[in-house]
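The following pair of complexes shares a single chain, chain A, combined with chain B in the former and chain C in the latter.
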Partner chain A sequence: MMATILSGVTWTIALSLTALAIGIILGGVLCAMRTSGVALLDFAATVLILAFRSVPPIVWLFLIYFGIGSGIVQVSPFQAAAIGLGLITGANMAEIFRGSLKAIHPGQGEAARALSMPPVWRMVDVIIPQLMRISLPSVVSYGIGLLKDTAIASTIGVPEIAFKASHVSQVTFRGLESFAFAGALYILLSVPIALASREIDQRLRARVAK
Partner chain B sequence: MPEDDALMHILPSQTSSGSQRVMVEVAGLCKDFGAHRVLDNIHLTVDPGEVIAIIGPSGSGKSTLLRCINLLERPSAGAIRVGDVEIDAFRKITRRELLAFRRPIGMVFQSFNLFPHLSVLRNVSIAQERVLKRSREEADAVSRQLLERVGLGSKADQYPARCSGGQQQRIAIARALALEPELMLFDEPTSALDPELGLEVLNVMQELATAGMTMIVVTHEMHFAESVSNRVIIMADGKIIEEGPSVQVMRSPHSERAKQFLGAVLNR
Partner chain C sequence: MIDMLEFWRQSLPQLLTGYRLSLLVTGASLFLGIPLGLLLALSLQTRSTWLKLPSLSVVEIGRGASILVLLQFVYFGMPSVGLTFSSFASVTIAFTWCTAAYTSEIIRAGLESVPQGQREAGEALGMTRLDILRIVILPQGLPVSVPALLGFSILMLQASSLAFVVALPELMSKAQLIGSNTFRYMPLFTLTAILYAAVCIPATIVVGFLERRLSRHF
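Now for the complex of A and B:
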């Protein structure tokens, strides 16, 4: 029983990481659009963020898997879940990045401009490293939330922890044990991530702290 | 390529061969923030090697003038020439022009603005690599030399947060010098420092002035204005109200407004 549920861990981790990766890239793009100063891009990003966030995750998954993914384009349950969760994550990352950007002193960009650094290098050398440090705690806590939210991927058949637990409980009629074990697995996955994040955050903070 | 030309510039003392051309020329410069006119028809020329102090009450437009000279603020009207590059407020400035225009200008800020995530050495090196296309080894070697020059060779591997304000500002000066500027702009470089730490910075600036650097310094340090700079400009309400040789302007200003300002800052 335990072995079966354990075999879902890989899927849970893979789905979380994929959705997070999609989300970070998409969030970076959306944040760039939001702060570009170009009204049309800003508006487009605002609408997309609103759409991604307003529709519940499970509706996104069904929409992608049963709606779009069953027509001309065929998507696997994993792909549908990764895209759906990735879109929602992207919208939230965009807002996290935008908030972090505001926390960077405007003098940083000015100093880079005064040094006549080209725009790309201003971003790569000066802004993005600081953005990553400032947004790390929010990104990680969102990531932990995401890890738990991957459970809804069981509804479209991704064989992750919750899906396996549900399967085992139906076969063995031992619902309490199955889901308790699944719950414990989520805790075991989340806690080390939280601890690691705190450690990294403190190290980075020590470097810039007075 | 502007980058290649830039490599040829060393110190202003060496560029003075040939015609003694005016280095900075500001003509009819205006800056509006909404309906508020912050700079009103400013005219200013700076010769190579000259040190100019800009003083005046808060809100008089001193910092804005300085920030317009390297286009951190876009002028609303007027023209600015630095070295061989001229820009006009009425013409659109391309990205390439902007980089070429700023290339010979170094700037030091009131709030230092060092990059907190980079070591002191990397702070000084990074722009050399990106702008002058120096290798990391070359850039680091230049940086170590400059850090020695401002008395901070031992701080190279620290992070800026581990340095005092005075040290941070000297690092910021080294960072600007690393790009071999022909003109240095100082925006209240000692205003965020206590008097003792401010002195460290003023000493470095004085040394730079002696070495022949062209400098425009917005400051509240009256002693520096009188004794180090060649020329003092007093601004009030977005206008230059008094301008001339330092001692003359500081000791015997003509206008009432200038007398009032100097009376307030000198007799305290």
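Now for the complex of A and C:
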């Protein structure tokens, strides 16, 4: 019983990491749009962020898996889940990045401009490294939430922890043990991530200009 | 296009009856969960280990385990120890648990924002600990938590869509049911998404407005 549920851990981790990667890239783009100073881009990003966050994850997953996936394009459950969770993560990442951007001293960007650094380098060499350090704790705690949200992917058939747990409970009629074990697995997975993040954060915080 | 609108018009009444149940179950969980969250926040601040340890485990399990797993644990798991709940009761129990766990952290942060001097001033006036809490701490600490609590409520309304796994006939179940009869998933889930967004988008904007207003006063 435990071995079956444990075999879902790989899928849970793979899905969390894929959705997080999609979310970080999308969040970066949305954040750039919001802070670009171009009214149209700013508005478009604001609307997208609101829309992504205002529809429940399960509706996104069903919309992508059954809605789009049953048309011309074929989508696997994993892809649908990664895209759906990635969209929501992207919207939240954009807000996290935007908040972190405010914590970077404006002098940093001004100094880079005074050195006549091209805008791209200014971002890559000066702003983004500090942005990563500041946003790390929020990104990780969102990632832990995401890890638990991947359980939703069980409803479209991704064989992760929650899917295996309900499978085991249907076969063995031991729902109590299997769901308790699944719940404990999520807690066990998130504790080391939280501890590692705290450790890394303390080391990185020292390297952000005040 | 006309065809799709006609399909929307036909399925809307059924979806709306489901939505009413979604709102009801969310409301019930918040109504029970937030006071429980306050109790948990208070018992985590006490020095008594007997209060602290059980509260801490309730909070950590509620926050640590996935809400979907929590729900399945109550609905599919509890019957093995002889406790069978209806789908409505299971959803309310699991969501109340989750709400209590998360809101206890929100409320704790709000209470901690009240300066320590306020408590000391109360003690200096010879007020009892209950009176300090009732008259000094809560009236100042609770309003600070309101925007975060409202934001959490929006998330809970979205989470209520998970109740379809235990066959509670709320919005998502209704959509799934119509979908499996008509196979027109795309227009159907689009309408479902619009219905959720129609409540969540204005609510998010209002919460953002409240947050900005409140932060101006502190």
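Here is the rule we use: the second predicted complex is superposed on the first by the 205 of 210 C-alpha atoms of A that agree within 3 Å, B and C clash if a C-alpha of one lies under 4 Å from a C-alpha of the other, contacts with A are read in each partner's own complex, and residues count from 1 in each chain.
Simple rule for what comes next: a contact is a pair of C-beta atoms (placed from the backbone, for glycine too) under 8 Å apart; a residue touches a chain by one contact, two chains touch by 3 or more.
Quantities reported herein were computed from a predicted structural model and do not represent experimental measurements.
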First (chain B), second (chain C), both or neither touched by A:59: second
Touch count on chain A, higher of chain B and chain C: C
First, second, both or neither for A:110, with chain B first and chain C second: first
Touched partner set for A:192, first chain B, second chain C, both or neither: neither
Chain B versus chain C as contact partner of A:37, first or second or both or neither: neither
Which of chain B and chain C A:175 touches, first, second, both or neither: second
Chain A residues contacted in one complex by chain B, in the other by chain C: none
Footprint of chain A on chain C - complex, ascending: 60-61, 64-70, 72-73, 76-81, 158-159, 161-162, 164-165, 172, 175-176, 179, 183, 185-186, 188-190, 192-193, 196-197, 200-201, 204-205
Contact set on chain A toward chain C in their complex: 50-51, 53-60, 62-63, 66-68, 70-71, 148-152, 154-155, 161-162, 165-166, 169, 173-180, 182-184, 186-187, 190-191
Partner chain B, residues of chain A touching it in the complex: 105, 107-108, 110-119, 121, 125-126, 129-130, 133, 207-210
Residues of chain B defined as touching chain A within the complex: 70, 72, 95, 99, 102-103, 105-107, 109, 111-118, 126-127, 130-131, 159, 161, 172, 175-176, 179
